[in-house]
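Next, two complexes with chain A in common: one pairs it with chain B, the other with chain C.
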Partner chain A sequence: MGDTDSCLEKSPKRGGCKFHTCSSLSSATQSSAEAFRKASESQKPKISVFRTSESNPVKHTLAHSGLYYKVESEEYNRYMKAGQHEKLHKMGIAFNEHCVMVREPALEIFECIRATDLSLPAIRYIIYGQLGAGKSVTLAHVMSFCGRLGWFVVHVPWFERFMKYPKEVQVSSHNKDRVDTPVECAEWLNYFKEMNAHLIPEVKLQHTYVWNRRESTEAGASLSELLEYGASRSKYAADVMGAVLKELRVQSSKGILKTLVALDGVNALWLPSKISRIDNRNLKYKPDELTVVHNLKKMLTNDWSGGAIMSIVDTRCSPVDQKESYMPRYLLTKEAIDMLEPHIPIHIQNYSDKEAQSCLEYFIDRKWIMKQEGLTMEGQREILFLSSQNPLEMYNVCSRW
Partner chain B sequence: MVVILHGLGCRYMATSVISSGRPEDDASTTKAEQISKAMKAYLERARAHESFMEKEIHDYEIGKRHLAKIMGADPDNFTQEDIDQAIQYLLPSNLFDRKSRPLMKHPTKIIPQKIVAQFGADGRPFDPLFYTGFPRYYAQIHDLGMVFENLKKIETEMMVKKMQPEKELDLGGSHWINKQSVETMLAEELSPGQYNQLINLLDRIAEHPYAYKFHDVIFKFRTELAAQTSRLEIPELKVSEAGRLYQEATGGRKTAVAKVTVWDNGTGKVDINGKNLLDYFPYILDREQIMFPLQFTKKLGLVDFEAVITGGGHSSQAGALRLALANALRSFVERGMVEKMRLAGLLTRDPRMRERKKYGQEGARRKYT
Partner chain C sequence: MAASIGSFSTFSKWTCISQLLGRNYPIGYTCIVRHCSANAKENKKPASPTPDEVREWKKINWRAYATGRVRLQVPEDPDFPVMLIPGHSVLPQVLEKREQAKRPPMKLTQPRYRRMLPEQDWTDVWPTAHTFKWSVVPFPVRQGFVKPTESALPREKYGNAELMKIPNFLHLTPQHVQKHCAAIKKFCTPWPKALEDDTVCDKHFPLRVITRDYVADGPTMRDPRARFVTIQLKLSSLKLDEHAKDKFLKLVGDRYNKETDVLTLEADRCPVRKQNYEYTLYLLTALYHESWKQEPWEADQTEVDMIKFEWPLTTAKAKVLDTIIKIKQAQQEKGSKVPKILEDLPDTSSPDLIEKTEIIQEYKEVLSELYEHGEDVHQLEKYKNTTKKLLIGL
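Entry: the complex of A and B
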């Protein structure tokens, strides 16, 4: 990394773009000087540009498109630890650093968020794309961007834990028709607390929440008190989660704070859960009967303002027989589409030629491509063909080179 | 051959006559007379064959003229091609075996030729191998035997001189001629054993380090392999309305059928039933199969292709697409490369099909127990 970076930093303003290689020199030089230059260039390793030293997502522009930026470990642990593909973590360990590529869909979302009038109802974005195309990484990039802008981030990376295999199920104390998954809710509260640790202390509650005859959280108490209560009294964790989300909605609408809702695999919210009913083991709970789903669907309605709603539709969440297409209209039920209209669709495609080249160079730099054949033109063409320039598949294919 | 058996029979008869001790008057016929009798029989047969052939040829010529008249053509300029066409028209046949269909050809091309033996005035054949029954075959074996002896001699000389052979005999791209070809070459009918004996001898000669010195002798018995693709017609590249070159082809494996259109001057775009390669073939094994023809012809990333695949499973679909791609890519490469593709097995359809289930069994091979 060192060489490339220092080269870029030393020559920041050449020809309007600082990412060009220094190959274009004046042609009107003496022949001997030309020969000397050629000789010295051939000895120097080829400078390839696949990185940017700009690690602040807020400053990412189209000029950075297709380049990797290094994610600081603190930021990585905050926004990317959960909800990413297992391979991304393995890659981080193997490469001894965490790098994310700046890609155009993310930049498009940045532009949209910047241009949004926050007094109007929150805009919904639906991110979709092929398996391994980089939907979750793009979401993490957006979360990182909003985090830098001082937004609250409500990230739900794993619906499976709520809807498929919860550790405990109990009837909600707030509404007898619904059930809670307290352990997972308490876990999520902790996750939320860690992610927004730097913003939570300043927030005061605007409503009073009565949990039972003796216990209640008064208006004016801090948000961290509410979160602590939820963590210690896991019986009410699901309701505390609802209260936190409500506070965020209300306060965002008033302009006190800003909220980014980031739901990964949102199509799961309309799919039947795998939790057997307490009264009849043969039947499963409908999604709306879960408190978590009920609360999160409220976040998806755009009756609040002062934020943005990102949601990913993913074939991973859908049943085995419904994985033919990754398009939102296929993966979402009619009810879901009616609820999510209007929205901005964001299609995450496989790598473009430029991005794929950048990725190959990064892998060569990190010694992920080690064989001599992988460095040749033919070998790289093979990698690109076999992977269809899909980010995840490129990692898999290159692991054999 | 019949002649020979007859002669031998006579000789044996003569000996048996002596050993049985019959009266000498009965065995009044001398040895020379016996042979001349055999000669007579042989000559008779030869004459009969000749007149038979004459008659056949005469019939053929007459028949040809009749046929020309039926077809309303000029009888003097009626060629063999015209005859074939006329026969196909007048006696249409759908029999599977082409040899079973009606034909009309010059008798010398249908009736096997017979060698005319040369005899002296005393009735003895000139050829010392005449009585072996296969004079030409054994003459050939003798010649090859001498070649082998010569080779051994050369090898000993070279060992004494402490010299190494200059080069190796290159037998690549050719194989031994088949039994039928040997038979037409020698004009004698051979048994499988005799053919094997000849090939074994040739093998021993060809394996010898100094075999290159008898290159011409060995290659008289070999045929080139490369002739196959030169006979196949490779379609020309087509031009689309937009002026872009392309080629269409089909391929199959098991029950899968792939139709592919390969476009020249591409960037490696792939469209399979409206999906990209990874989406359609999640297994890397299948994608490697599809990559092989492109990689082999060095067209990876230089052509685009669209494919429509039906039937079969994922593996057979990949195989079908591989064959279709290889067929289409023939038009994009030169002849030499097409031959290489054929040798690499790219242009051959995989003939294996699903094996049927058997009654009393769980499947094709598996038993219920």
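Entry: the complex of A and C
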């Protein structure tokens, strides 16, 4: 990063020493006033830097770490609208802008993606961290990074929609042993279409898909045709989803396009679903009996190349008796870990001191911290202590300051 | 002291008092009677009672007055003689009689702890286990809950129920123990001199048998709990090879403490202690010989059955080798740039050769540490560095 000064903003100076304004000092007190002045000059508030004007994630380097960048609204709607904590959206509305902090784990992933030869088998990354540490935001940052590089993004924000509370359940037309959740799959196809709208028109299918005796999608048709078919014929939505994923895998392996798979709460893929069996209401479907899970698990293998696989393990989707730790091996259990071996675990920690300071500066700038106490060193230290520098907790704590 | 209520001042004092007495006042609710004649004569509006008057009024217990235990003190004024209401007030003579009937105040002796001498024998004062007695314990002690809002100390020992609830060891002071020991010394034999060291004891007597006797004052001397037998043994004192130890540990399950290396077997299934003791010995023998046997089905064990990390059996091994072969294939077919460490890999056809490479050995070590120490951030960081080296070459 060459132009450090140009891309950094200086926040207005605060604080200062009230002793400077005293003019009528007697000679006896002047010496002490002098001492105060010297002391205050040495402790002048530092020039606070919490923001960078570099809004292109591709250009983010270690020099930007700990700084906020403004996400353009188009990019925000594309990559960050779904799958984020509700409070992030509220924060965006309250602050009248969407800002994301450039953090080291994201930069580490960027570095890995840049250094990888994409013709090698896709590399699995498992993102883990405490609740509210910023896993999903980091994923969104990676998504917008890959989006800028012209990658397809396969984002599944939350498996609960598929595995817990689907609106409809039907036996798959492709395989009698599996069940579909057509409404959710059609929704997801629309979501995928919106997210990759700028890339879809160029893609042609390489396989022919026969849906029934009359309907089929020929090889050579465009991907958008397939997506439209899935959205309009929700009976085949789950199979269309599988077909889309297959096309992405095949074409990425051939080097025609590049794909980022981003799965949030991936440990849900190995948990029993909450859907009652059609033949026996007392039993639930196993995860592998759902078409969606079956198809997404194929994306998690490293049989294909030309992309990267990001997955987040989250305590929120684990069952009640499995919430003690946020570690990936604990949450994924053996079967899943065996499938994902070898992978690169990425730990999202709470804010470092520098990041926390930057966050405070940002909150003060956006008037999220309004009280006089919040502006003092003492108050800020208390905020950091109360939130233990957890990003989500910092937002919650600061809302009362 | 004289009293009345402001609002009654237009009536005569007698009506005032009688009306007051006729009412049903709550216990402790009292009234001041005040001379209002002066006000009445001058036709002035009476002043409302001053705070002092109200305070005095409240002091009079009207229920007590009504039953005659208390008498209103009205200044003797020839214009207003005191009227005694039959059934409500009592004649002065009766009151005098009651006062005479009162007993003189009792003379209290000092509590025992104040009369104690420092030279006394504590074992005589507190010979056996007893609930806390405030009057006997000669030191200041406090116990009890203090509300966080109050800035007070916990309650002191006098009549303190909290101190009575908790167990105390005032009957087990060093002097007590000394006396007990002196009393039972005649039943003891001297400890063998050769066995003064614990390690020597463990060597010569590896088996530890724990039983308990129960003595109670009751119709029977038998106690069902006396049949329990526990034996303890350090596993290192048994002669076991690797297979035998593995099998032994699988058989005993949670009866083995990994940290102290102690095996604990407990039996209570037989009615008599001797039978239980023999049963535990039988168990130990059977376990030992069974673990030395090698059954044909033991060869079918998989990764899940293993207590330790067994690299050849792990799925991770197969997966990693598979990944490396894929990477090498991509290098040969597409000419892709592979991580530095895998560049010089000779032949992908033989997994054994791949397995001997440095990076796979490192991967194996990291994985075994992860298995044995459990996962934490530090271990996962190591794992990350290894896989990064393997997959990306960073």
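Following the convention adopted for this analysis, the second predicted complex is superposed on the first by the 354 of 401 C-alpha atoms of A that agree within 3 Å, B and C clash if a C-alpha of one lies under 4 Å from a C-alpha of the other, contacts with A are read in each partner's own complex, and residues count from 1 in each chain.
Assume a contact is a pair of C-beta atoms (placed from the backbone, for glycine too) under 8 Å apart; a residue touches a chain by one contact, two chains touch by 3 or more.
Nothing here was measured: the structure is a model prediction, and the numbers come from that model.
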{"item": "Chain C versus chain B on the shared chain A, clash or fit after superposition", "value": "clash"}
{"item": "Which partner reaches more residues of chain A (counting touched residues only), chain B or chain C", "value": "C"}
{"item": "Touching partner for A:A94 - first (chain B), second (chain C), both, neither", "value": "neither"}
{"item": "Which of chain B and chain C A:A63 touches, first, second, both or neither", "value": "neither"}
{"item": "Which of chain B and chain C A:Y330 touches, first, second, both or neither", "value": "second"}
{"item": "Partner chain(s) touched by A:T116 [first = chain B, second = chain C, both, neither]", "value": "second"}
{"item": "Partner chain(s) touched by A:E378 [first = chain B, second = chain C, both, neither]", "value": "first"}
{"item": "Chain B versus chain C as contact partner of A:H347, first or second or both or neither", "value": "second"}
{"item": "First (chain B), second (chain C), both or neither touched by A:E393", "value": "first"}
{"item": "Steric overlap of chain C with chain B in the superposed model, located at which of 38-46, 110-118 or 326-334", "value": "110-118"}
{"item": "Contact residues common to both interfaces of chain A (with chain B and with chain C)", "value": "none"}
{"item": "In the complex with chain A, residue positions of chain C that touch it", "value": "304, 315-316, 319-320, 323, 326-327, 330, 334, 336-338, 363, 370, 375-377, 380-381, 383-384, 387-388, 390-394"}
{"item": "Chain A - residues contacting chain C, complex", "value": "111-112, 115-117, 119-121, 123, 302, 305, 327-330, 334, 338, 341-347"}
{"item": "Complex contacts: residues of chain A adjacent to chain B", "value": "130, 350, 353, 378, 381-382, 384-388, 390, 393, 396-397"}
{"item": "Chain A contact footprint on chain B (complex, rising order)", "value": "267-268, 270, 276-279, 284, 287-288, 291, 294-295, 298, 300-301"}
